[in-house]
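In order of appearance the chains are A, B, C and D, and numbering begins at 1 in each one.
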Amino acid sequence: MNNSFGSIFKITSFGESHGPAVGVVIDGCPADIVIDADKIQLDLNRRKPGQSVITTARNEADNFEVLSGIFAGKTTGAPITIIIKNKDARSKDYSHIADKYRPSHADYTYQKKYSNRDYRGGGRSSARITAGWVAAGAIAKQMIAQLGIRSMAYVSQVGNLSINKLYSTSALRVEEENELRCPDQEAAAKMIALIKEVKKAGDTIGGVVTGIISGVPVGLGEPVFNKLHAQLGKAMLNINAVKGFEYGSGFDGVKLRGSEHNDLFETTKQGLQTKTNFSGGIQGGISNGQDIYYRVAFKPVATIMTDQASVDKEGNPIIITGKGRHDPCVVPRAVPIVEAMGALVIADFVLMNQSTKLGSL
Amino acid sequence: MNNSFGSIFKITSFGESHGPAVGVVIDGCPADIVIDADKIQLDLNRRKPGQSVITTARNEADNFEVLSGIFAGKTTGAPITIIIKNKDARSKDYSHIADKYRPSHADYTYQKKYSNRDYRGGGRSSARITAGWVAAGAIAKQMIAQLGIRSMAYVSQVGNLSINKLYSTSALRVEEENELRCPDQEAAAKMIALIKEVKKAGDTIGGVVTGIISGVPVGLGEPVFNKLHAQLGKAMLNINAVKGFEYGSGFDGVKLRGSEHNDLFETTKQGLQTKTNFSGGIQGGISNGQDIYYRVAFKPVATIMTDQASVDKEGNPIIITGKGRHDPCVVPRAVPIVEAMGALVIADFVLMNQSTKLGSL
Amino acid sequence: MNNSFGSIFKITSFGESHGPAVGVVIDGCPADIVIDADKIQLDLNRRKPGQSVITTARNEADNFEVLSGIFAGKTTGAPITIIIKNKDARSKDYSHIADKYRPSHADYTYQKKYSNRDYRGGGRSSARITAGWVAAGAIAKQMIAQLGIRSMAYVSQVGNLSINKLYSTSALRVEEENELRCPDQEAAAKMIALIKEVKKAGDTIGGVVTGIISGVPVGLGEPVFNKLHAQLGKAMLNINAVKGFEYGSGFDGVKLRGSEHNDLFETTKQGLQTKTNFSGGIQGGISNGQDIYYRVAFKPVATIMTDQASVDKEGNPIIITGKGRHDPCVVPRAVPIVEAMGALVIADFVLMNQSTKLGSL
Amino acid sequence: MNNSFGSIFKITSFGESHGPAVGVVIDGCPADIVIDADKIQLDLNRRKPGQSVITTARNEADNFEVLSGIFAGKTTGAPITIIIKNKDARSKDYSHIADKYRPSHADYTYQKKYSNRDYRGGGRSSARITAGWVAAGAIAKQMIAQLGIRSMAYVSQVGNLSINKLYSTSALRVEEENELRCPDQEAAAKMIALIKEVKKAGDTIGGVVTGIISGVPVGLGEPVFNKLHAQLGKAMLNINAVKGFEYGSGFDGVKLRGSEHNDLFETTKQGLQTKTNFSGGIQGGISNGQDIYYRVAFKPVATIMTDQASVDKEGNPIIITGKGRHDPCVVPRAVPIVEAMGALVIADFVLMNQSTKLGSL
């Protein structure tokens, strides 16, 4: 099983929802990067459950511990290990599903593949493990910030309610203005109302998170099997509940003609720029210096509060009764995860790019 | 630069459009697989230029040579190297763009990243290098066919014309019924007319290819950073001109509620099945035995026959005049590439899965 | 920085000598392996300091905690994380060397490479991090034991005192008969006397550990860049203080003629065997079913109790005064490390070998 | 099967002795390195058969073709593919051993592992495939030469005849003074006489190649599982017929005391140096700026001209009769292979080291 992501700036994820801890090892972070621990906690807080009425009511502090790799406030070049202990475990909540397959969950596929499955709270398939990714992403963000690069994200769609305007990173604030993390206050109010309505019905709904990465220099990404957008897409598609990824013009770009879609170059005071950005900041798999933007589709959460017909391990028909505390819509808590994965991809390509030319000694 | 794809069944791509040859090394193919060379040529023919009036008029035979790894008609477990020599080079066609940046091409990003750029026909950024992938995919297809798995694809959208019906692999034929590779004859006729119209205008247009993989057993894919759909997405996003990837319900699934979107299990004569397949055959990153289906968005080809304003290496304004022979729409020739990449991903996961449990000696 | 080892059964090492913990993540261990925690502790005890008068007097319990990957006493296929907390830290012992370069230590090279160096107790360069490897090796040993494979080691040389007889794994006992872990009691007594004499002089001495792996089936290893002995050699050369590796006839085999050195095949009741085993159980990089044996050379420990001339970070001449508690000879404590690394290599090749042929579904 | 070596500067080897070609793909070579093709041919000539009376009488030109990755005389950053066609195939020479297991060859292990074995001339197990490595090494040498680094080697032992003096790279010349590639003319004469005597008897003999790498800056190598000497050892152990690797003081260093073995630092006009170099230029896995030296043990060639008892695929006793043209001792032709592998390792660590610190954009 491969639980690592990245080639130079590489993270290894571990942990289960109801084991002692979830965590991450970050290998390949350059030495001598000053780390502000508060920024790690800030992003963990943005991801944690129990933040607001539109997220799950589970309340977990998600405090982290650094086990290795940071000395005197700076990275040493050695692997950085961060763990987040699991406190609010309530294993008893899950005993009723040990032998049952919840629809559109990983229960069935895990059981068939591995036989010995930690079913408590989803075990390894729980979105809780993304806490480690977010912690690692907070390190990556601090590294790329030294180069003026920012990875940010926001909610751009809930159900069939969407905003079309693209926001730049300078227009977004980490101290979000609403609990949905949608920068359009008016649209946000409607989307929040929709989520509350869905929640009241014991149901769930999907959404879209838009990611934007600014300050990226020309040259990140590689031409063939390591195209910047391909690795970015893989990063996003690995997030729980994601069903699609598009960048730049995406699926809508299909409808355009080449003469409309081509991004014409022009020389400006800021150097070479493109007049439009259908390319989403990437041409031939390599960043061209324009903003990188992309959209990530999240399905409706599979856990609903109404009864569903299913089967147990023996194939007998059963009824799954919704229990526990779950998110009616994942997108508000997915925003810091999308940002983290975006930062991890960029951090890795920054380091990869440092070997494109032979340096001096 | 990373030109390899896959972890056990791994391919390494090499070659430039106007160098001596393009090719591929396939490492990790199991020993003792019977290889039918005709099937490799068949797929290369489906990808090659000059097939029909809706593709480029360049005519290349794309015959392949096997340099290693096959003995007595079967794989030996050693790396399989396949090359396709470049014949119709016409390097002179490209001298006029050596110092120019074509809009929405990789010229600018390659130049800035690598300095020494083979500009002839796109060099390393040319879609010609996918000939090697198709050859490798034809090997992967033969391997997975032994397990009853098929990777197929078809055109489902050109511009704003699309078909909504999903086709199963058993309804598709490799001996395609039309040059577009769209199984709906009526829709195909309209799409072909659109491409001809666009071509006549010296313009280009985008499209969507739908991929479908059938016969996949339960258990392929890995839970965290190697989710089956994430690697499939990465594979597709690495294909030239791709802007988006979605699987199962994709971006449209966002609009549904959990109670609509969940795929309910049922016990049938064929074993455990799901009543619907919004999951696209994958749950928690692991195949669940249902058909895997996905959609891949291709932008309009960047090379158009009309004049475009651009800049040269010094940033001076220039005019790019369309020349040469190019595709008005990539999707017909992209179909075998999508199939090949799908087969390569599955072949790799099949082998990875063989180490999930400890075998006997 | 790459802190991972292995390709399918892969470990990632983390931690510093005087940080909160050292540890390991084991990724790729097959699901459903029963794990006996006592066997992990047993090997950790064999490696820990303070075992006997011929090892360092530091006393650390080296108790481990499992953070993930084991459920209901068996592996789940998810990453297994094991940490060993650092208790007897005594950071003050090391403040005197923060700016000094100890001869033949990693102080100088780390400082120049990383700038921000955790100098306490060697930090990341401490042999203490091998505790994580030993824990991982204890998992690997339990996995390969299911196939009848054993990885064992013993001390075969201290200074210029050596034993020439080869011991089979069946002649070795994990409950070692002497604190040196040398199976020849008479030779052991002399070697122990030598170590005591060296220790009394405030000096240190080198030694050789012989490793033996039995029960290996034919077919582990790969022909070209993954030869079984090459990966085994890399594993051993990564152990702190190792200066050389040889397998089978090794450096002495150089002196023989082909007619003396060739291992002739013969058909026996146990199947095909070789009459001699100069090949050390490996031919063409692949195991041939005979015992695998190899020798690992350890230099004398660099920390000595007598004064040494050296320089500080500014290049000024200084005197390094021996302090603290150190091993006069590493080989007794190196035995479980050699065994662990041997087991990890074999576990990885066992899993790799499971993809040599295409299995059925 | 893994046929790649290296992590950033990575080569993939392919080909069989009697297939169409052997070759290599070099991925990750930085862009913009000027390549002198003559230097590639020079090293291929030093490795090729038929050079002198002490090597095999087979005569192969070993001319190479570059299929990709070099444009206008410089690397482009794209994969460089080099093939060497097989001309003097004489497949008929080998039909007599198709079903026979030659002692101490890879016949038996390949057959059992892969079933479908290319037995002609050893197929994939032939040392002929190292021609590709030598070509790749010649590229690596040209890259590291830009930094003042040289990887050289020479014969230091044949049978029981050895030279003890260490030679620096400045004392060695690529235009070797004798066909043995031993810099001590007097010793060389005796060694050559020994090889001729052994050859006359239809027998073979082992030897040792000493490698030396000069001009290496402080900081190459990584602390834990990527120690410079561990990767160097793996590189050498992957060369056909190698049985052992040691660096610096090696196996002899075991006999020394710490007070004798420690390399004391001193400040000189050339900066920090060590008074002795038992460390072999590497401390804690990282280069310390002193010369890196190491020794590689080669067993006697397994193919001898006298009859040997063996078995066939069915286990029946047979006689293997020596035929064909083979080397009585591999070390003269192994010298360029050792140099090449040394250069490849250093090139890779040079590039890895470029990501140790975060650069500016």
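Here, contacts are C-beta pairs under 8 Å (C-beta built on N, C-alpha and C of every residue); 3 or more make two chains touch, one makes a residue touch a chain.
Since the model is a prediction, treat every value here as computed from it, not as a measurement.
A.B. asks: Among all chains, whose Cα centre is located farthest from the one for chain D?
C.D. replies: Greatest centre separation from chain D goes to chain A.
A.B. asks: Does A-C or A-B have the larger number of C-beta pairs in contact?
C.D. replies: Spelling it out, more C-beta pairs touch across A-B than across the other pair.
A.B. asks: How many angstrom lie between the centres of chain A and chain B, each centre taken as the mean Cα position?
C.D. replies: About 26 Å, centre to centre.
A.B. asks: In whole angstrom, what separates the CA-based centres of chain B and chain C?
C.D. replies: 45
A.B. asks: Using Cα averages as centroids, what's the distance between chain A and chain C in whole Å?
C.D. replies: That pair's centroid distance is 39 Å.
A.B. asks: Which positions in chain C are in touch with at least two other chains?
C.D. replies: In chain C, residues 1-4, 13, 28, 31-32, 77-78, 113-115, 124, 223, 352, 356-357 touch at least two other chains, as defined above.
A.B. asks: Taking the touch rule as given, give the residues of chain D at its contact with chain A in the complex, in rising order.
C.D. replies: Contacts found on chain D: 8, 28, 30-33, 77-78, 143, 146-148, 217, 223, 350-352, 354-361.
A.B. asks: Spell out the residues on chain D that touch chain C in their complex, using ranges where they run on.
C.D. replies: Checking each residue of chain D against chain C gives 1-5, 7, 13, 101, 103-106, 108-110, 112-115, 124-125, 129, 157, 159-160, 198, 201, 203-208, 218-219, 221-227, 229-231, 233-234, 237-238, 243-251, 253-267, 271-272, 274, 278-280, 283-288, 295, 297-304, 306, 308-311, 315-317, 352-353, 356-357.
A.B. asks: So in the complex, the part of chain C that touches chain A is made up of which residues?
C.D. replies: 1-4, 12-16, 19-23, 25, 27-28, 31-32, 65-69, 71-72, 74-81, 83, 113-118, 123-124
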